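Across the two complexes that follow, subunit A remains constant while its partner is subunit B and subsequently subunit C.
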Partner chain A sequence: MNKKANIFPRVFLVLVGIYLLLPFGMTLIYSLFVEWTDVLPHGFTLRNYADLFSDAEFWACIGRTLVLCAVSVMLTIFILLLAMYVVIIVDRRLAKFMQLVCMIPYALQGVILSIGIISIYSGTGTILSNRMLMLFGAYTILVLPYIYQGIRNSINAIDVNTLLQAAEMLGCGKFRAYVQVVIPNIFSGILISALLAESIVFGDFVLANNIAGNNYQNIQVFLNRRMFRSSGLASAIVVIIFAVVFIITGLVLKLQGKEREEK
Partner chain B sequence: MAYIEFQNVVKRFGDNTVLDHISASINKGELVTLLGPSGCGKSTLLRCLAGLEQVTEGKIFLDGREITNAPASQRCIGMVFQQYSLFPNMSVEQNIAFGLKMQKKSKDEIAKLVKNAMELVELDGKEKEYPGSLSGGQQQRVALARAIVTQPKVLLLDEPLSAIDAKLRKSLQGRIREIHKELGLTTIFVTHDQDEAMVMSDVIQLFYAGHIEQSGTPVSIYTAPATNFAASFIGSYNQVDSEAFQRMTGMETMPDSTVVIRPETITISRDLPAADDCLTLRGRVIDSLPRGNVLRYSVQVEDTVFRVDALFRSFHIFENGEEIYLSIPRHDCLSLSNERGA
Partner chain C sequence: MRMKQLSKIKRFTGYLAILPFLVIVVFYELLPLIRLAIGSLTGKQSHAFGLENFIKIAVTPLYQQSILNSIRISFLSALAGIVIAFLAAHCCGEASSRGKRVFTMILNMTSNFSGVPLAFAFMVLIGNTGILTSLGQRYAIPFLADFNLYSGNGLMITYIYFQIPLATLLLLPSFAGIRPEWREAAEILQARPLDYWARVAIPNLLPGILGTLSVLFANALAAYATAYALVMNNYALLALQITSKFKGDVQIDSATGGALAMVLILLMVFATMTNNYFTKRNLKGRELI
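And now, the complex of A and B:
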């Protein structure tokens, strides 16, 4: 009876895993064969990958996407941590206002957000009318709710006030206490929300295409352009996007695990 | 001027006055306990001294310097919180070293002071462990080491033992007392436990409803409570209305007052006692409760029930319903005015 009860969750987990990995597996298979018009594909080839890896534009797009991810996510984390400091130290009542502001991007569709940003900033003649900077700004807005939720939940999970007061009693100023005591204790939450945000930026096409297009081509725009040329190549790009996101996530989680082990 | 002075300190949260014109002095090197029931203002006064709360009115002085508006980080005060508040991301030695780093001590000096502090609280060998892997008692000792390692002018302990089991609490009470004697550190201890206050303190400041009801040594407060509240809170005193007491005993009492008598000063016996300087009452045992080495009897005398503590001797036990005599020394019957205190 017990054995049966133990097996069921495992079987369920495996089935869910297969369901989630099936599209990825199919895309991988598709990218490795010349044709798939029958039940089974035929004509195994690595040509799509060889073409892709020898394409300098592909690497440039991967690089641009990573920069977009890193800059926008870090900028959002920085802004939110400062804002949360003000909420904690100055006035807790500001938290409601901040939550409202941070939740607005949830309600905005990519098309509306991109058109709104373009209509406000383009042609203003300021530095913000630069399409590349506009895109960085747009992503900073896009990931705001995800990172806010992560930071807020982590802060709520620890007794911030008492930790700050304990640090103050040891001669530490408020801001320094926030940086040295509170932030390290919510680091896991920040990291997880950053990973979520990073995958959202990595997978975005609408904002990148509408705001920057060819001016600052990211991997999704690159995928869109190549899709019409060869479906095998497009599948190979999707597989690599998956792999890159997977590697980044794995690395960060491994680092986090190592840190926990040391503790 | 005393080492610590509170001058007419008032603290209000909105319309609620938590501290009502508190004036008190604490001498250097004393271990003072702020004792009182929950919500009486004792922790608030401690937090005002620490700088974690701003006073609404009044002044606070420490070592001759006014610190009323000084930031907490600049008051040179160490504090142990009720929930320890150790930094979870730091190891035991990093927690203890935190304050020393803020003081910009050299690495060698920090290592030496941390080692000394860990020895003092008997935590050797736990340097690399993290707070999450320590027991409540160990965490409390880390918090204590972290607070004293910076050599503060005053050590504040905000109900630090309330979350610890009775046996460990007793052992830590003794350790805190020993450390206090060893370092000679002025220490203020907050508790709602009168037994803890009696064991630990040089001086007790008894709080009630935002003011200091009585202050003095544990013995003086225990043997001579100034108010009805002090009598009820500190020593389980029998409290008898003065008119009823006069009717029962014939002893002259102050009008509109309560006569208070400690349970252990009353002698219970089967035979009529002969002592001249004692009041004698005839009553009936209605209940008895063993309390360690003491047996607490409830004795009905007319409409009043007296609590009587007698040494627990198996050959000398009174049964429920038994008619007995109570003998109360006259000088142990204290008359307290009903005008002040609860």
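And now, the complex of A and C:
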């Protein structure tokens, strides 16, 4: 009786685990073989990867994706930290407003955000109709809730009031106290949310496809275009994308574990 | 007097730091949202202010179907996700710590596997020339051989797939909150396992389950990339229909598209508020901001 009760959880977890790994696992194997029409694939090859790595367009897409990731996440952190200065030091009544504004994008997600932005700016002929500008603006809003939550949680976890008082007593100005005392204390929280945001931008298809489309293909749009042309090549792209996301997730988990240990 | 003025000016300059944030939020979040709302309330031909577009959505079969399909697929995939997640989270509590660690790692890894890559992986698996499909044809397994990935059923299985890791990750903390002593206490009081589940475990887990359910519902509702990669615009789904009104080969129709977008926003807000309601009840402790 007891033994039976102990075996079921393990079997169930193994089954779910296999099911979850199946799509990626099959794609990985598929990318490494020439043909797979029977039970086992045959003809091991690295051809798909060689083709992919010698494709200049692939590297261009990777480059664009990295630019998008780096610029939009840094921009979001920068404007949020400045805004948080006002909320914490100048006027705490703004906290509710900040929270509302930062949580709205969560309800919008990529679809509404992208069509809202193109419907208002595209074809207006102004500087705002520049596709790159629209794309950076959109990504900044897309990752806003995640980075805001990260910063907010870290601020709530430390004793900001005491820190500020101590700094002021030592003759430190308010802005300097915020930059040199508060921000270093919430740095690891910011880093974790920034990495999460990177994986969101890296995995985005909707904004890039709707706003920039062919003009500025990121890796996901590139994959979607190649998918129906060569499945071998596409499977290699999927493996690369997943590997990158996996590394980012690993970093996040490691940092989170470290932070928990410190507490 | 001068001091007072000076501190007033200083106070004012303090507010300046929020300006970059406000500019970006106004230009890329609030104005686009207002533009969509105005578009949805402006009649397509009449240009009159009113609910014309919403009435049109309500009587056009394609749009009716899109809304219903979106709700149906989102709700059913969320439900399936939560059932599997419930069992998995429960099993996690009984597993060894190593098993638990490996399983959580798989969850974290696969929770990021969505969108176009996921759609492609399912094409490799069970698409028209997929591995399981050709095996099904070769060994005459009709379920595999005739499965149509590029349909409502195909969307359903891919959606259920991406719901499972997210659902389990969200449910694990709730299960961790159930203390083993409760079960012992219930057993000492002669409760049958059914009593324990119905009166102790489930009531304690319910806020977490319902909150997670609403997150999953919203997650599926707003999903676009997976569906687009599988069926392009050839399926009546809210997210696909909205986008096709603003992009692609047909002329831009911000009246109908805006109204459909408003429907999606309402559903998303409903789901988000449901989740807030259930998670707020669990929050304890005072927060600074």
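One rule holds for everything that comes next: the second predicted complex is superposed on the first by the 220 of 263 C-alpha atoms of A that agree within 3 Å, B and C clash if a C-alpha of one lies under 4 Å from a C-alpha of the other, contacts with A are read in each partner's own complex, and residues count from 1 in each chain.
Keep in mind that, in the parts below, a residue touches a chain if its C-beta (ideal position, glycine included) is under 8 Å from a C-beta of that chain, and two chains touch if they have at least 3 such contacts.
What you see is a predicted model; the values in this text were computed from it and never measured.
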Simultaneous placement of subunit C and subunit B on subunit A, clash or fit: fit
Partner chain in contact with A:Q109 - subunit B first, subunit C second, else both or neither: second
Larger contact residue set on subunit A - subunit B or subunit C: C
Contacts of A:M132 with subunit B and subunit C, given as first, second, both or neither: neither
Contacts of A:M74 with subunit B and subunit C, given as first, second, both or neither: neither
Touching partner for A:A167 - first (subunit B), second (subunit C), both, neither: first
Partner chain in contact with A:L66 - subunit B first, subunit C second, else both or neither: neither
Subunit B versus subunit C as contact partner of A:V179, first or second or both or neither: neither
Closest approach of subunit C to subunit B (Cα atoms, Å): 8
Contact residues of subunit A, present in both the subunit B and the subunit C interface: 174
List of subunit A residues in touch with subunit B within their complex: 158-159, 162-163, 165-174, 181, 184-185, 187, 263
Touching residues on subunit A, where the partner in the complex is subunit C: 6, 8-10, 12-13, 16-17, 19-24, 26-27, 30, 36-39, 75, 78-80, 82-92, 94-95, 98-99, 101, 103-120, 128, 134, 137-138, 140-141, 144, 152, 155-156, 160-161, 174, 199, 203-206, 209-210, 213, 220, 223-224, 227, 231, 234-235, 237-238, 241-242, 245-246, 249, 253
Touching residues (chain side subunit C, partner subunit A) in the complex: 11, 14-15, 17-18, 20-22, 24-25, 27-33, 35-36, 39, 84, 87-88, 90-92, 94-95, 99, 102-103, 105-110, 112-118, 120-125, 131, 134-135, 138, 161, 164-165, 168, 218, 222, 224-225, 228-229, 239, 242-243, 245-247, 252, 254, 257-258, 261, 264-265, 268-269, 272, 287-289
Residue ranges of subunit B in contact with subunit A within the complex: 50-52, 71-74, 77-79, 81, 83, 85-89, 91, 98-99, 102-103, 130, 132, 146-147, 150
